Amino acid sequence: MNPSVVALVVALPLLAAFLLPLVPGSARRVVGPLVLLVLTGIGMRLWDVASVAPVVLAVGDFLPPLGIVFYVDSVAALFVLAVALLCLLFWPWAGEGEHLDRKQSLTLILAAACGGLAVSGDLFNVYVFYELAAVASYGLAAGGRGAAGQVATFRYVILGSLGSLLALFGITLVYFMTGTVNLAHLAELAPKALVGVPGLAAFLLILLGLGVKAELFLVNAWAPEVYATAETRVSALLAGLVSKLALLVLVRLLVLVFPLPGTHEALLVLGLLGMLTGELAAYKARDVRRMLAWSSIGQLGAAFMAFSVPGDAGLVAGIAIALHHMLVKPALFLLAGRWGGSLGRIAGAARRSPLGAVLFVLFALSLLGVPPLPGFWAKYLLLSGLAGQPGGLWWLGGLVVLLTTVVEAVYLFRVIGALYSRDEGSVAADQSATAVAGSGMLAAVLLVIALSAPVLAGTLDRMAVQMGDVDGYVTRVLTPPAPAVPIGVAP
Amino acid sequence: MNTIELLTELAVMPLVAFVIGLAMVLMMRKIAAKIQRRVGPPLLQPLYDIVKLYAKQTQNSHGLLHDIGIVMAVGGYIAAETMVPVPGMNGIADKSGLLTLAYVTMIPSLGLALGVGQCANPNGSIGIARALTAMLAYDVPFVIIIFGAAWVYGGNNMIDMIAAQQLGGIATWGVARMPLLAIAGLFAMYAMLGKQPFEIYVAPAEIATGPMVEMGGKHLGGLFVMQCFQLFTASAVYVSIFLGGGENWPLFLVKLFAVVAIPMSMAFVFPRHRTEDVLLSVWRWPVLIGLAGVWLAMH
Amino acid sequence: MLTRYGALIFAAGFAFFLFVLFAGQPLGAPPMTVGRAVLDQAPAAVGAANIVTSVVLAYRGIDTMGELAILFAASTAVGLVLGRGRGHAAPTAEPGGFILQAGVDLLFPLLLVVGFYIILHGHLTPGGGFQGGVVLAAAFVLPVLARPAEQPSHGAMAWVEGLAGTAFIVTGLAALAFDRAFLAPLLGAGQLGALVSAGTLPILYLAVGLKVGAELASLLLRFTEEEAAR
Amino acid sequence: MSQSSLSILLLGALGLVGIGVGGLVLSRNLYRLVLALAVAETGGNLLLVLAGFRPGAAAPIIEPGRAVAAMVDPVPQAMVLTSIVIGVGVQAFALGLAIRARAAYGSLDMDELRGRMEADIDAEAGAPPAASQHAPAIARLAGQPEAKP
Amino acid sequence: MTALDTVLALSTLAALTAFLFGNARSYAWLAGILLTGQIVLLAGMDLPTSASLDFTIFGQTVGWQLDGFGRFFALITVGAALASVSYMGGEWGERYAAEGKSRRWLHGSLAANVMAMLLLLASKDLIAFFIGWELTSWAGFLLMAQGTDRALRAALRYVPYAMAGAMAVLGGLVLTLAWTGTLDLDGLASAMPDLGNARLAILLVLFGTGFAIKMGLLPFHLWQTPAYAEAPGAGTAFLGAISSRMGLFGLGLLLVKMITLSRLADLSLVDGLFNARDVLAWIAALTIVLPTFTALKQNDARYLLAWHGIGQSGYMLLGLVVGDATGSAGGLLHVFNHATYQAALVLSVFAVMHRTGTADLNSLGGLVTRMPLTFLVMLMGIIGLAGLPPMNGFVSKWLVYRSLMMNGMPLLFLMTVLGTLGTILSVYKLIHNTFLGQLRAEHEQIREAPWSMTVPMLVLVGLGFLTGAAPGLALRWVAQAQAALGLPVMSYTLGGIESARGSLDMLWVVGVLFAGFGIGAILFYGVGNRSKRIHQLDNYAGGHFLSADVRYHYSDNFYAGLMHRIGPLYRGSFVWLESALASATDLTATLMQAWYRQAVPALALLAAVVLGLGWVIWR
């Protein structure tokens, strides 16, 4: 396979986004979905190839570390696939005239940016794609319902930009110390160059900077208000997709560049606090939309905790949690489109659309980790990873996971109870057909995963091993097969 | 021992118990008369009372359960008597044991309660509530004694208990081996017999708050029979646990009557306790003494 | 009040800590791990006299594509937030004075020329698509200040935006046709320092310039519209 | 060029950062927030350029009689170009939002806008207002700031 | 395809069909057939039987295998379900459907419960166990939530308890994996006793909490009463009969099989102050006494029974913890016995509700003349619940008493007896205020409950009586369970136990008892005049006359004298504890939310960075 296919992951959606306004009206509607379908195909192909051996693309045939590198291991391939599918699922089909075009091109740009984040192997390039994703999601969030959304987005922009600034400082610091931004090169130099106070400081700056999108605790105050005001479609994308890619990037950095003492602890503490605050805040939430927002903060806290566990165990658990949440939370947000209000608004909604209610229950149970649903295995991996660690902090984390799950159960079942309450004269709205269809598809995926869990477990293990293989990364990137027309020589 | 003999024993034991019970009632009333400076009833008076009640012209019943209750009350004790070993006859004592006996003797109380309940007499209900409370009261020290006995004799088979005591003579009697428990047992039996001050629930004479209030004719007669059995059972159990059971009939009878005489002679000098006082007076000292006795017996 | 002082203290502390961190770094003596190699190889490999340009367009071309996308996203988002459909010029806004109008007429062609010059010499001299693009944008916004009534149509802008961006990506994809990796420079390095050199870089820069210009111009025009609308 | 003057450059860049960040957390006016952001990002960009700076070295443009060895690191310069443009995009968008917010709520004051926003969210969700004045202080802590009249 | 596979397949089929055709009038027949098939298979299968379904995931093998211990519980489960289903099949179900409630969901959740419990009971390792555990919890929730909004609210109250329990178990699971490296139950049986005291104590607390919550042991019992009482009749019967026993099953596996009682006895807590075994025994004893005396104060028949359900579980655990042959046999046998009479009692109460529409003891009474069969059921039921001869409840309790006596535990023994006496008092109140005393005017025309309801009840009490007269029938299964757990196996006869230290032969006791009743009856009816029936109001009430409009039949403060003495001891401490916990959570949640509503999020970010950098620099 020509590795340049990897570049299409970014180039194709961008091209479509640029051209969208120029395409004549009738064809305009189909451009985006078509591109995303192609992207899906590419993702599958990449998955096939990468699960054997990762794909490396030296963009522009400039040998790393000079040029920018795209590196696709099976995790990245899977995320590319997820990007395409989720963007397709939450594609803005309806809407009036120009706004629709803009939303569509922003969605395409988001897809491109997320794809770039998944595959990029260059620190500064990651920063660029991160910013691209940021601007696109700002636009989508602000394009929502009414001015409240725009105020919320403004606050989001301020916070996000400050975060990016921090990340930029971190990158600058790294460049000061190493003089390169290529991840493989950095991984090679890190043990000597990226040590001590500046190294840890750089990690902290980048963590807090990019953590804004990953809903990392301390920098996630934007989430509730944005999710409460944006279109649920957008909330689903932000909570389900963008946060995960930011997370993925952070984990790559943690694995490749910053294997320092202290980084894991920092991640653990932040994740722990995120889970604690998120779940408890959700317990007090007075409407379903913000409840879901806080709960996703909590879930990402869990993911951070998982990744904070050193070694492959942590990676397995983290990937499992991230993928599971990527599956469940979008579905819940879809259902929250009509049922996003206060509990009083949804009382007795199950009578009006039973299927929607059943789906909500299913996803809620999986979120709680009720076996044999996939959520259980994710939680099991997280807890056994934490339990496997010696010492108090990790066990404290496990305790927090256990306790917050109880809280989670209370507020989720509060909603379920409202949905199924039998009091007459309820004002609940019917669930929209599209929401039921979309979440139904996700539910089908969920059940398939639940049934084939033993098989997928092996795949998960392999993915984690591939992701944790630093030496393999370095050698594959820095000694690539000779390009067709060799240009320059590796230093 | 073949089944025929066993069956005859089972038939005879309740009869014996009934006769002795009648005699105890007589003695009880004689004692009361002596204390109150009266002559007291003639020899067969208790029997006459029962016969008279059964032979009454008008027999009122509040329905099937009203009768069933009495049947349970009498029948339960009849069954209980076959579990109390007496000289020469063991009945099914070895197949049931002290604990079973204790629980079988609760059935008559339940029957009485059911019968009274069926009468739909508000005062009857009050009386039953008090009766059951009293049962709750005196059964606590009673089971403590059962425990002590079972621990000391290594089992709750009454035959073994008696055998053990008779083997070693007076020194090995329960009263000698567990004196505190013997005292507590006296209390428990006293309360169990439902004489003053523990007879608030029978109180038939004054304002009708007793369970017997609806009982006339056969029903009351049944209760009299039950009382005879009750007296015998309580005393026989006490004798078998603490006083070495019956080596032979004369000794056995002496012990029985002595045991009954003590509380009876005390009874008539007491006023009547209210329910809560019953609880208190049985739960405070007897229980403490009993527990102390168990502790003593176990160390 | 307390929070305000707290904020001040934290801001100062932030700057201080950064100073502590960076003062410890090799200021003025960067390792130049990659930079050195680039300096050595870029002229031969890319053929642009301006090595920064070869980094911007060749070595880190993807970054540039990304930032074009960011500009596009920003203007699209602004359009999504502000736009009420196509540009409704505000008739109320009265034209600027004579001097402004005359000055603008004088400046407009000049700015165009300068802009395109900067763009086309981006691979030789300091400057390039971005800088030139900004000048172009200025050229197109000035007339609006003078004559708010007549605005360049968003349609045209949109076409420029779209086509410029497309051109950049297509040039990148063209490499695939020659069995090269995405965004690989084509057409050979050429004579170092000549106007026609450095392969496809000038084309890319032209695309960049047009795109930047169009994006900025449309952004500014949106704002002016919004102002005029109230 | 001496180390001290280099650290003056550093000081300048970080000074801008400090000022910008300070404004970011202090000011309540939307427009000022955007300006503060711009200042801070400028500082950051300066710092980035500084990462490739060598005293006495020339700009990395091949000219006759200019040794490649004596040139500054070109990579940070390319990167700073990118980050500047990124900043421009974000700030433009932020300005757009500020304009809309003012048009909708007739104010640029962050606290007031936030109050109105919270009120709108609650109203749309059909949830009761977060906390009344009579609620205990702890409940008001979590409550929305009351919108100014 | 082993027998176990067939059983599981049948139960799954039952669940599916229930959710498909549950609304059909005649579905109960299908369910009954399926359940009967399961019973036959379970009773017939040779042990241990393992299922062919097993898989390996994340390095752990997950599989199912049924042994004697599990089979004992499984039989009770399916039997209870069968009784409930047959009760549902007739007029009761019709009425339920007519009230606009969903029979489909009721049947479905019942079947789901059975399936989940079978999975749990057959689990071969801790992961399979946890899967079954969670399924059981949530199927139970489904069953509790059926019917009314009150039921739903009660079920929602159950949620935090259930989740806390599940999480405790999960925590124990992962720690077990981390410390012993295996999750296989047999493997753990050899690995766990070797753990150090501290670790074993942690595991004991975690697992124990989880199981105790399900079982409703003190202090985790508050959820159970409303949840069980408010569910629909058939559901309540099933729940009360077996559902919470799953906790006992777990405790049996944990305490007896894995940790082993001897290890438990020298596991000293609070540096040697107590040993774990005594603590557990005392928890069990308190669980007997306190809920029983709470039941004494109830005025709703369903709540009264639910409280007793909690109390009775104490006997089972106590017997199991004492752990000698008789004690454990008594504890396990009590599971079966309790299932029989508790189900019968609940069903009879709901039969009364079916006719009168209420279970409030203050507004019932005198129904014995109207519903004699139901009365008979409740009478035998309460005799069993109170643990008096001739019902089976007496046998199991007798075994527990006896082992307490023989092991010299006077105070625990006293507690158990106190519980029994309290039970007698409260069940008498139950039957007295339902069937005896004043028949209210509006109930004059009540008819006996339909056969579809009385037959299952009668079968249940009949079973209770049969196993009371001949305990050997049930002790067979108990002995197998003991063997499977590695407990000393009790030698039993058909009539009870044969022992040098006092044996019990219920055949004789029951025979004599009924002979006595016969003689009593002959004495009563044979001698003297026939008694004449008089109206209930025609009686002597201390001088004033009773009339139908005056209601004098009450349940409030029934035992006035007793309450006058022990009333002040009711403190409601557990309720206080629960609400305190809830409000504490609420407060913390409010504080947490305050974080997300800050005016200037950027400031927090800045502060975080500064503090973080400070940490990094001066670390």
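Worth pointing out:
Chains: A, B, C, D and E, in written order; residue numbering restarts at 1 for each.
Please note the rule applied: contacts are C-beta pairs under 8 Å (C-beta built on N, C-alpha and C of every residue); 3 or more make two chains touch, one makes a residue touch a chain.
Just so we're clear, the structure is a prediction, and the values are computed from it rather than from any experiment.
Touch-path distance (fewest steps) from chain B to chain C is 2.
Shared contact partners of chain A and chain D comprise C, E. Comparing the chain pairs A-E and A-C, the larger number of C-beta pairs in contact belongs to A-C. Among the remaining chains, the Cα-based centre furthest from that of chain B is the centre of C. Using CA-based centroids throughout, the chain positioned farthest away from chain E is C. Here the CA centre of chain C is 20 Å from the CA centre of chain D.
With centres taken as mean Cα positions, chain B sits 80 Å from chain A. If each chain is reduced to the centroid of its CA atoms, chain B and chain E end up 36 Å from each other. Taking each chain's centre as the mean of its C-alpha atoms, chain C lies 75 Å from chain E.
Among the residues of chain B, none is in touch with two or more other chains. Chain C has residues 7, 10-11, 14, 18, 21-22, 30, 32, 34-36, 38, 59-60, 63, 66-67, 70, 73-74, 77, 81 in contact with two or more other chains. Touching of two or more other chains is recorded for residues 17, 21, 24-25, 47, 51-52, 73, 75-76, 79, 82, 86, 89-90, 93, 97, 100, 103, 110, 114, 118, 142 of chain D. Contact between chains, per the stated criterion, is found for A-C, A-D, A-E, B-E, C-D, C-E, D-E.
Put simply, chain B touches chain E in their complex at residues 10, 14, 54-63, 65, 67, 70-80, 82-83, 92, 94-100, 103-104, 106-107, 110, 113-114, 117-123, 125, 128-130, 132-133, 135-136, 139-140, 143-144, 146-148, 150-151, 154-157, 160, 207-209, 213-214, 217-218, 221-222, 225, 274-276, 278-280, 291, 294-295, 298.
Residue ranges of chain C in contact with chain E, taken from their complex: 3, 6-7, 10-11, 13-14, 17, 20-21. Interface residues of chain D, counted against chain C in their complex, comprise 1, 3, 6-7, 9-11, 14-15, 17-18, 21-22, 25-26, 47, 50-55, 59-63, 68-69, 71-79, 81-82, 84-86, 88-90, 92-93, 95-97, 99-100, 103.
Remark: chain E residues 365-366, 368-369, 379, 383, 387-389, 394, 398, 401-402, 405-406, 408, 410, 413-414, 417-418, 421-422, 424-425, 428, 431-432, 436-439, 495, 499-505, 508-509, 512-513, 515-521, 523-525, 527-534, 536-537, 539-542, 546, 552-553, 558-562, 564-565 touch chain B in the complex. If you check the complex, the residues on chain A that touch chain C are 2-4, 7-8, 10-11, 14-15, 17-22, 57-62, 65-68, 97-99, 102-103, 105-106, 109, 112-113, 116, 120, 124-125, 128-129, 131-132, 135-136, 138-140, 142-143, 150, 169, 172-173, 175-182, 185, 189, 197-198, 201, 483-485, 487-489, 491.
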